[in-house]
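Residue numbering begins at 1 within each chain, and the chains themselves are lettered A, B, C, D, E, F, G and H in the order written.
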């Protein structure tokens, strides 16, 4: 640990074993990141309660088990995205071993353990169709895990705008809105015309043909005639949850 | 004219100058399209009044002058799309020579001469923003030139939906709607949720960045969650006008 | 139901319990969509008999079962697109429970129950090759389910144009044509040169290499030198069926 | 004004001139948007001071002059994006006529008139290279025009990270950061590793070859390994300014 | 058969049962393609021995069995491309039933039955690497099935140009060369610099990453600095075989 | 010149100055290309009369003048493609200086000097619309310059198929057909259904929107349901002319 | 073998059986590549120890077994990339037969047998995340197999830069760095700002949505604001290993 | 300057004014980059003589003048890429003012001033056609400016490989090769088969149609069957020059 090295240098200077010039040289050549970055990481965790999150896709079970175990030891909480049933079975055992409750959200493949009981502020998650629900769920669970209070309103595409109206109170209470939509991705524009809340749009890969795996929804959202919509990567409910939580906390923490 | 040739063969058979086998051979080797296609073309013109239309882009003035002159001689009417001011000046002279009134629509670069005075049925043309007007104008002029009554409602994007409401009567009177929109191309979906009329969507190249010259609007329209929207090529107001006219005439002609 | 709320306000005003100013305020803050949108939806169903349609791809069996059950209860009819054998087995049971006959079209994966017996007008569906038949079938079943009389002519690509000729009567009787084609997507242009009926072109994902999963056929159709062809998303037989039905009904309903 | 119409109906009900059933029918058929949307628009303006903004590209001078004149009359302020020198000359006259000071930011082509004197909260705008400055300027002017206090730090790419450090106070004071970068678009990821503030990333079209007009920077930002970065369309400094202002106001308004 | 109809008309004219005018009308309305296209098809088969070819991908076994059976009945030969082992098993039975020998080329998935014993002229097929062999094989079998003598030289990429040299005699004897290559697709350019024979380049989908499924090889071949290279669709060995055979026959048939 | 070096070695061997082993070593290390490639180039010119051709785009006038001058000196003939008027003026002077007649084809920007008087065989060039004529002209002039007899039939798209019929004799006399078409690029497929001649398809950049600068026509041609069509790069009339000439010569030279 | 032919010619010249002119002609027409290319190949192997490498993807087991066997016979070493477990089992037997130790690196699917014991110089391989490790492993094994000493530092993305610092000595000892990264591909730029060593960047296909299978990382690396980064194809750890080894050897061999 | 701050802390510790714990805290919170990054930058300049380079495209003259002036003051040398004639005129004056000779390479638009007289090592630059020369020139001038000895061989495409042979000595003397090519980008593969030197491939935007502005050449180079080719962004001669210089220096500096 570098703090020790610096301390040692300072003690040597204090005791006169090392003169100022040599100490200066030594300090200049210490790998600065050991001081800086590590500290920042630490601060971040203290302030935000955002532990590292595991992206499970393409990792093998063994690696995931090791990382999960180490994270549970350090922080007693855990968020894993894009996880399969197999990953859950494996991580479930690790959690059991640590005596920490764990939950698997099958639609989105997200695993959550040790989330805070008390939620703050308010985030609303909307999705256009039932096929977009996995992405909305990922956003919901993420923001909730990080400590935000979250409410979801599903299936509010063109054919179900009245359901959105029924949820009007939720919307007006929220500090920030997440809107997940595939196909032509028009929902954020439509909602953007009805509210002045910051909107985080998440294109989903729902659709076929020229939906191009979500690129069309993505590009449509980036080109919304409603200015100032924040856009995420395709199917990135996790990122939307993080950003919504950050904005929500701006309000909560003031 | 091939009819004459066939007639001659038949007369020869009748008179005994040619036997059946030779006549059969002769007929088999006549270029069939002279019979078929030409006839169809002729019928089309009689029934529809759709003369050939000149696409000016990339043609040189000389060629356009010759084609325009020949068309005016035959049909005394003319439609030229994607024309520049120079094309208009050149064609204007030709029209003057034929003593036919001609009009140039500068936004869309469309030149019209000799359109029918009496319009039938009803086509409505809507556009999302003022930048989409050239395309809407091209659609309007085309359908009008072909003989449809057309009404246009401009600038009815998210920020101006109330103007659409004011034009509600026009919409409910129309047999078919043309909707031109660029950027995220969401307008056809929104209007599609409010009407049961056939909708012809025209993506425009309005926008920048990921509007990709209109591809995003095009793909969004093709992926509309409102089923059954007819989509045109980017900026193809002309095609939308033709299709709207054809559908409109289905109603008018019954 | 909001009608009741408005009625209550009006009755209160009538009876003098509420003054005009308060009533005005109350009415202004009622969620307008409860009035507007719901009404429109209701009208649509009465006029058209177009019940909501389920897009099965990416939905789980449980959700589909619930939606299907609820729809059969309300409308005693059902259309499900892009369905697998499993979906059919599941929905079949639900139909059995409701004592409604159901049919599964395996090529296109479309499930139909409770379609009207009497068909009206005329829609023709043409496809270029046998590989395009699933898309053509989806279009056929959709338009038929909605109430249009539909005739199909299969495998009329360049190698089989004479079959198209044999079906000439069907074509000339139709109010609107659907043309499904993959690979270079040239069939709509060729047919467009032979008829003045509105043409709905559906690109299919048939082909390999630079067919780009149907994008090439799509772009070719959007660029047809025959103006006014309505283009659908790749493999979207369903959308083509809906649009054809709408245009067909324009003729029938006059 | 529809309020008047409703008032009239209510008065008629009150006075007994109209019975409840007729009043209900009348109210149901009033174009709801006249109530709803207009009101929302009005609210938005009162609360936010975000007047409509003119996107100049592709509009002709005449149209811009008319819109600008009407906006200055109503709100005495004006923001025009992607404007040329010619647009400024034209709008300048209109402003002079209204006796409102106007300023043209040549790099970004943004015209601003009548912005609020008092700025609130804090937004920081960073850009990677001098070529990204037009986009950063657009973001700066927009957020500033809307009422946010804005500080800009230019040219802080990999070669100039030390300048970022010098501006550390600005960053830690800001409620939200805007980061504009072209080429490989890595700056938001790097800054994202150093702060917990919400980051709005704006890809710019700076670069050549595989920068693909900004698509590469856009996609890189959407794929940042730092989760929760809000991404805008290419060169869309305006949108970034609007979103930053909205988030900033969340903090200010509590 | 339409020839009979025409003959009947002519006979009636001859015998005086039908006058010339009626005969003319009758002839004009005969579906012309019955005469023209059918004849062309017939001629083609007589001259070239190119029976229809079945593209198996995406067709179901039942359909393939029916078509194969009908083709074997008519022509006693058969070519099926992109066929699986299952298709072969199914078609094998049909061939057995017709007592026609059939062969399955597993690498390319091509099934051939009833090819001519005597081959003419000379076609050379070259491929860059062993992974390109399926495409080369498809080209080889196709041209051979159509009646061309074919010689193949495999694995002559940059690392094996000396093998090409060993095959120099084959090359100089060939009337036309087919060159299949994936990855960067440079082989046609290199061979083009060494010969004056017509070259047919077939890009293959061999490679990964930016080989883009063969698009890179395709585009490279289309941009060859050696002018006049004929390019086929990706993996389209069949098309290359057909074109090579046509060119080869030009030489043979003179 | 390496021939001299080899001669020297051989002479030394003959005279006994050098033994066989040393001579063998020396010969093995001679740069082989000096022998091989140069010889091939020479042979090519003798056999084919295909001098190097200058691609003018992006070269500066000075360089073109030098190359043209050197080529005229050596071969007294010249072909320059994609040339501007300025290039022609410059090259014209050079030709004048060499007393060689030169012609500039303005539509295609091709400059030809010193072509053979006697043309052989037969190549037919067809184009879909008048806008495709520059590409057709480039193909025509190229094949003609190389020594092929060429006939062109212009403007034979869907709207003018009867003109194609009128030119039937030209087609049936040709050894090979070049077909240039933009937009949806369907013409080669249509003609391919009517002939058994080798077809060289040239996509043109004519069109807008999803014509994607000719990519759509290119991909459509590569996906033609008529097998064996040779495809060229977009607007590459030159390449088509070269390939057509090569195939034509195969017939002529036998 | 051509050496024999040349020898024979030379002997004939020596003995006077053949005169110089005839010998010259004979030599000129010998296929030069038999001399040249083969020799070059031989030299390459002697100098570099780079035997041919087998790319297993898309090859069948039988072919791989034959090639592996032949290579082991000739060189007693072997490198196979993109190999499956099945390939390893098959090749394992072959190695056993030849009594050569073989190792399978499962993550990257690389098989190595007979690598040199003594490694030279120094190559460092860095990867951004654990998901990028397969590509890093392929690079490591390749360079190591070719004879370079290699050190790897894994998981040094933005979240783990301090680990990079810990490995600072490795970096400063290396002659060349390989950096593998997916998603936004920013790591090479960041490292490029910290070192003056040549950097070889390998984009990986890690990520989803707009990572576009690695294209985004690739394009980002090609657009790095740090000039002079060498970029490889997506997931091409093998190529990176070869280039790193070549550069490393430049230093070692001097 | 931070060194002073650290010195002050150390002096305070020495003198006992500050205890070790406080000093440790102070040091930890010093902005580390002031030490680290700045130092690295300084070292880089001392070691390499690589001053910052100005990318002129999209910068305005005023900014360039200021930067150029500041750089000349500090380092008395200057490299500006992608510069126009106007930029040169402006920078020329600045150089004159500083009495430093400056040269403008018009083809590539590169401005060089104050390059070292003595060049070291050896870099060879090859280009495929005369149209690729601007990119080759940029690479040449860059590597030369940085201190490498550079030799260029132009126009060595397929049609001119013999010129490459004439330059064989240059190639074998070079430590590293730069190969610039557009169109199909095959030259690096061909040269890669003939040498074991590290190859840096630069795709150029030369070509039309499917050359896609250089993407095809880029992708071809990334897919070369010759492993280990370093690829640059399209037209990025500058980057190639930097990398070549770095590799060249590895050899020179040992």
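Following the convention adopted for this analysis, contacts are C-beta pairs under 8 Å (C-beta built on N, C-alpha and C of every residue); 3 or more make two chains touch, one makes a residue touch a chain.
Worth saying up front: this structure is predicted, and the values here are computed from it rather than measured.
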(Q) What's the minimum number of touch steps needed to get from subunit D to subunit F? (A) 2
Q: Kindly list the shared contact partners of subunit A and subunit F, in label order.
A: B, C, G, H
Q | Copies subunit D and subunit H touch via same or different residues, half shared test | A | different
**Q.** Result of counting contacting C-beta pairs for B-C and C-E, higher pair
**A.** B-C
Q: Going by residue numbers, if over half of the contact pairs line up, that's a repeat, so tell me which of D-H, D-G or B-C repeats B-D.
A: D-H
Q) subunit B to subunit E: how many Å between their CA centres? A) 39
(Q) From the mean C-alpha coordinate of subunit B to that of subunit G, what's the distance rounded to whole Å? (A) 59
Q: Could you please state the distance in Å, as a whole number, between where the Cα atoms of subunit E are centred and where those of subunit H are centred?
A: 51
Q) Which residues does subunit B have that touch at least 2 chains other than itself? A) 32-33, 37, 159, 161, 193, 209-211, 215, 218, 222-223, 233-234, 236
**Q.** Inter-chain touch pairs (all)
**A.** A-B, A-C, A-D, A-G, A-H, B-C, B-D, B-E, B-F, C-D, C-E, C-F, D-G, D-H, E-F, E-G, E-H, F-G, F-H, G-H
Q. Which residues of subunit A touch subunit H in their complex?
A. 3, 6-7, 10-11, 13-14, 16, 19-20, 23-24, 27-28, 32-33, 35-36, 39
Q) Given the complex with subunit B, which residues does subunit F contribute to the contact? A) 130-131, 159, 161-162, 164-166, 168, 206, 208-211
Q. Which of the residues in subunit H come into contact with subunit E in the complex?
A. 128-129, 157-159, 161, 183-186, 189-190, 192-193, 207, 209-212, 215-226
Q. Quick one: in the complex, what on subunit B touches subunit F?
A. 31-34, 37-38, 41, 52, 55, 57-59, 63, 82, 203, 205, 213-215, 218, 233-236
Q. Which residues of subunit D touch subunit A in their complex?
A. 37, 40, 44, 47-48, 53, 175-176, 193-194, 196-198, 200, 218, 222-223, 227-234, 236, 238-243, 245-247, 250-251, 254
